[in-house]
Amino acid sequence: MTTRGWITLAVMALLGVLPPLFFLTGNPFYLDLATRLVILAIAAVSLNLILGYGGLVSFGHAAFVGLGAYAVGIPAHHWLYTGWGDWATMGYVQLPLAVLACAVFALLTGLVCLRTKGVYFIMITMAFAQMIYYLIVSIEEYGGDDGLVIDTRSQFAWIDLDNPLQLFGLAYVSLIVSMVLVRLIVNSRFGMVLQGAKGNPDRMATLGFNVYVFRLVAYVISGAMAGYAGALLGNFTTFISPEMMDWSRSGELMFMVILGGASTTVGPVLGAVVFIVLEEVLSHFTIYWHLPFGLLLMAVVLFVRGGLAGMFGRKED
Amino acid sequence: EPVKIGFVTTLTTGAAVIGTDMQNAVNLAMEHLGGKAGDTELEVIFGDDQFAPEAGKQVTDKLVKQDDVDFVAGYIWSHVLLASRKSVLDADKILISANAGPSQMAGKLCDKNFFSTSWQNDQTPMAMGEVLNRQGVKSLYLMAPNYAAGKDMTAGVERTFTGEIVGKDLTKWGADAQLDFSAELAKAKASGADGLFVFYPGAAGGAFVKQYQQAGLKETLPLYSVFTVDAISLPKLQSAGFTDVIGSKVTQEWDPSLDNAANKKFVTDFKAKFGHYPSYYGAQSYDAIMLIASAVEKVGGDMSDKDALRAALKEADFESVRGDFTFGNNNLPVQNFYLREVVEDADGVWTTKVVETVYENHVDSFAAECDMK
Amino acid sequence: MLVLKDVTAHYGTSQALFGMSLALNAGSVVTLLGRNGMGKTTTINTIMGIVKASGGSITFDGEELVGRASFRTANLGLGLVPEGRQIFPNLSLRENLVATASNHLGVADPWTIDKVFALFPELETRVSSMGNLLSGGEQQMLAIGRALMTNPRLLILDEATEGLAPLVRRKIWDALEQVRAEGMSILVVDKNLADLMRIADHHHIVQRGEVVWSGTTEDLRADEATRRQYLEF
Amino acid sequence: MSAVLQIDGLNKSFGGIKATDNLNLSVQKGELHAVIGPNGAGKTTMISQLCGSQRPDTGRILYAGRDITTLPPHKRAHLGITRSYQITSLIMEMSVIDNVALALQARDGHSFRFLRPARSLSHLRDKAMDLLGKVDLTAKAEHRTKALSHGEHRRMEIAIALASDAELMLLDEPMAGLGSHESMQMVELLRGIKGQHTILLIEHDMEAVFALADRISVLVYGHIIATGTPDEIRGNEAVQHAYLGEE
Amino acid sequence: MDFSLLVIQGLNGLQLGLLLFLVASGLTLVFGILDFVNLAHGSLYMLGAFFCATLTYLFGNFILALIVAVPITGVIGFLVERFVARPLYARDHLDHVLGTFGLILVIDTLTHLIWGPEGLSVPLPDWLRGQITLWGDTVVPTFRLMIIGAGLAAAAGLFWMVNRTRLGMLIRAGASNRTMVSALGIDIELLFGLVFALGAAMAGLAGMLIAPITEATIGMGNGIIITAFVVIIVGGIGSIKGAFIAALLIGLIDTLGRSFLDDIFALFMSPVAAENSAPAISAMLIYIIMALVLAFRPQGLFPPKVR
């Protein structure tokens, strides 16, 4: 196995074992931290599909995460306040709803966004995210800017999300599934076209591929996965607000991917780990932790090519 | 084994100016207490919410789960408080708001473990509406940021103001909040209203007042504000010479000029230590610590008996800087609201002084929705 | 005046120059000959510092050029007329001439716009046209004029008459002869052997990144085998 | 013989430059038709319009009797048109064999397959290896494309053109950047596939052109000034004048 | 509709547009010519405001402070180019984004450490504090007229510089072909440093002009940078003309949207619905415009001829 493969295994093993250990040894906060990390890693993995492999730099990915969270929060809200039935709190309803809503949103915005290239694409994805942001802010029913408290987590027969260990377990398994899924996709025939289109869209078109459609499909898959991550995040925080969709959140997801190493399997996870652990550790020492954090980001960009995963072996994993 | 208090406020971003004021007041309170409540040692751990609900919730989680605090106090912003609420209450810890007063938490979401040393959002603007009626203002133009507290504030003044509302602007808020109000001020002027009511907390307040003066509206469109002109914006306005703010009227439950022993000590020592007047944010934070200390002392430092602790808190048996008050059924203060005016003090420093009492022992409008007795 | 010794150059990992050596004397016209992709342009770009030499030495009047920033090389008195003309498309003809004009060597009688127009009268009528709207021939004349406006001592032309109609080609050659008569040294690459033999003194044949044959015009005229081997179809 | 490709009055200008200027050309089925002409004459622009990456301003392109003037590139590829690029245009980050396999996959028509690893599809892999053998690149199959030399890139272009097995191959200067030995090889390669495909060849290497072409058209300033057999073109005075040289 | 209100709002829109132009012009120069995405451009805007505020207290004169602070921000821009931007030119845009995001965090925190969290107000001289009467009771704040004047002057200066001077020619030439500019004897690195410094100075100037209206606060640049990006995207990256037109367009639409949208909505919906939807729509307005422009012109309104 390659170095990169070992690293991937090691990271995933540590991520699976350490947090429950923390919990069992009386440090529940670190389990929470890990749950958040793992959920954001799923979002980063989904972003990597289009950003890393597809070359489509979406600056609005947090919108999908936010929408996914609202797909959990809104039915729960109606269940509590306007007497919707118990079905509204069912995970079997909420999670597919999150995925579906995001897929539809991705499809509609993708149709327009994918007409543009490069920085124009970056900005138009951000524009749509901002529109959703302000839309949610303006809906007073769902808390507007104040956000929405989720009183009841998604209900499942076989798992209790109110139990932090079980919630972590679900997130962790989801992360592994999403990594495997993305890996399968990028190595499939579809994925080859997607990657080819990143490298040379003109050539792909003359070979006979309708690049636009392939990109659109990838965009929808990625959005739907991010929506799923959002649904988990809503369940984790039990509080959702438009803030989750702010462009700076999209930026953070992007940074996780680039920091860890775009178009690698482990990169986004590594990026999420480093991002969140650094944030936690540095902010422990000083409220001015942005200073060392910013310096570190700059150092990584200036001195390490291809992100952290780039330090271990070449691009092909 | 000291009793631990987590104190969540904003220590970074531009809004840190408020957080710093609160932090200073908390430290002063601890100094006045000698770090002790009776024989029990108190320890305060500060947490930074970074002006964002998610970060606020995270730091609250950490205080509750990692530092295992007994109380979590602070919270400037409604949305941060709402986000963090569940983390504290689910762990059966005591939550005390030193500023934010969202209507939900006064009403439907009230909780036996939640107390406030501030107010419910609507109360202060309601008092202002009352003032406007008394001053014979017939028509009013409203401006506030477009977020929940902003809407609460305009709703509050509309609830009591009996004249005509001739226009209302809710401006963009959030990370890239609108701070240039030229268009809205022009509209307000053109509306021909008798007065202008605004709510712009933090840095936006200073920005608003400046533009109000630059537009030369003092004579034609008198300013009535809540949470906009305060001890945080006044020093900056004074240093930049925005004299039009002198004489402007605001309502509040507290004022540095309130005549009671606790307040005198607080204001004098605060000024001596930090070189400027405390703000109501500071006063409320000071009270929050004093409230906690009083309760801890009553139960003799025993944090295990929550019922006794809650009962002790509910008595509000301490010397509040706003004077005596009681807790309502929803654990929010039942207290007076005053009309204050911006004046220059004997040393030439701009501050506020009480003009009259608008409400006595006012109960907020959401207390009825709370099913605690 | 210009001496290249064992110059090597790479594009990424692939080597393009394999020990290129040649010399050019002041006041002479020297050519680089060879088929497509043999390294003529690379040689020129290496001299100019556009491509970094990975080994060897290049001196111009005793000054080492290897490792020198491109603009510093130019300011020593090397004027480049590049492959593909590379006119600034968003600048007018006049601006193209003026933008980079300089007289670093303090030449007593420097090139001016008027002198360029005297050399290429057809440019004068298009003085305010944008660079991208000029015809190929006008672009090439402009590229030469632009280089002259930097008052070089050595004029380097890559593909001097590429894709030009015969008439225009003739004008370019005439102009070069005129410039040369004023004492300019010239290094030129072109595909038209006949024209080159008429104007140049010395020739270097480049094959796979090195000089495989050097000699005067007479030598080349005499050596049919070499011509056939390296230069003809 | 019938015209498989028919170009009628094609015009395309960039700003003030008329890159193609009322261009007419017809290519017969199965022939190897060379287009020569000075640099900037508009040859590449013509190819770009034929494969659909540029839209003509006016004019009409008929392929097998069908008007394809406004068809997007991928649809033209489905109809059996492929091109090679003058300036190498490969997917630099992918391996050599992946580049070729993608071309095969395009013809295969099953690209919305999300789970099965593409690299385990042996029919694509074997065919790709086969083609790389033809251009002498077997040893480099797993290398990253970026790491190959210019000449090797040129050969990859040909392998890809062959992979798409198109009826009409538009080859833009396949010899450019090849050494003389490689040029010979390329001539042999093209001679081998000649007749199986219709080929429109653009080339500055006259030796190759005269050795391979069935017919030659000369493109100058955006339009064709002459079309004919190699011998006719060699003898044509206008062509001598405009392109081949005065002697 | 009230005519004098319309005029006032037009002037307000113009003023906002010009401020946006000052920020966006630097951004579009750096992006279009250096091909460098500088997220930290907003931080230079913020630094401009803080320097100007500090110097105003030091000199007791706003105008003098302005004159000194503009070159200071230019120098800072020059340093940022040398130590952060230059090593990243050869990398792709994502690395630019990550690196300059790090820079934002660093500058914001340093600002907090140096100036404290409270921000700084900027006192204006008396002659700029008042209002000017246009006619009747139609008055505008003097300082806002000054912003319009300064903005127009800066825009004119920039147009003149880019289109009429040799430096401008070199900048345009460098945008299309930096290798050639260098091969013709121009120190392209210095030129790029100057372009960056110029962009920084323009952003700084915008910060200085807005500070007396709002104040110098930490993070003030992070809000405007997004709007500035919207401007240059709508205008077409690299086009000064595009940035100018898009900035005025967005300034006007934003201001007029804030002023009249609720009235317009009230024509066809209930007043309450109008009151609730108008602020949301007007906050979204610039993004809607950008999405519309890009949907029909994927390269912005004025895509530059080169690149």
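By letter and in written order, the chains are A, B, C, D and E; residue numbering begins at 1 in each of them.
As a working rule, a contact is a pair of C-beta atoms (placed from the backbone, for glycine too) under 8 Å apart; a residue touches a chain by one contact, two chains touch by 3 or more.
Labels paired with UniProt names: A, E = Branched-chain amino acid ABC transporter permease; C, D = ABC transporter ATP-binding protein.
Every value quoted in this text rests on a predicted model; they were computed, and no experiment measured them.
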Taking each chain's centre as the mean of its CA atoms, the one lying farthest from the centre of chain C is chain B
Per-chain Cα centroid nearest the overall protein Cα centroid belongs to chain E
Distance in whole angstrom between the CA centres of chain A and chain C is 55
Here the gap between chain B and chain D, centre to centre from mean Cα coordinates and rounded to Å, is 74
In whole angstrom, the CA-centroid distance of chain A from chain E equals 32
Chain centres from averaged Cα atoms put chain A and chain D apart, in whole Å, by 43
Residue ranges of chain D touching at least 2 other chains are 15
Among chain B residues, those touching two or more other chains are 11-12, 146, 175
Multi-chain contacts in chain C, i.e. residues touching at least two other chains, fall at 132
Per the touch rule, the chain A residues reaching chain D in their complex are 184-185, 187-193, 195-196, 198-200, 202-211, 214, 217, 315
As the complex stands, chain A meets chain B at residues 27-30, 32, 36, 137-138, 140, 143-147, 149, 237-239, 241-244, 246-248, 283, 287-288, 290
Seen from chain B, its contact residues with chain A in the complex are 11-12, 48, 52-54, 57-58, 61-62, 65-66, 78-79, 82-83, 85-86, 102, 109, 146-149, 151, 173-175
Seen from chain E, its contact residues with chain A in the complex are 31, 37, 84, 87-88, 91, 93-95, 97-99, 101-106, 108-110, 112-113, 222, 226, 229-230, 233, 237, 276-277, 279-280, 283-284, 287-288, 290-291, 294-295, 298-300
Chain E residues touching chain B in their complex are 2, 4-5, 8-9, 12-13, 15-16, 57, 109, 112, 116-124, 129-131, 139, 141-144, 210, 212-215, 217-220, 222-224, 226-227, 255-256, 258-259, 275, 279-280, 282-283
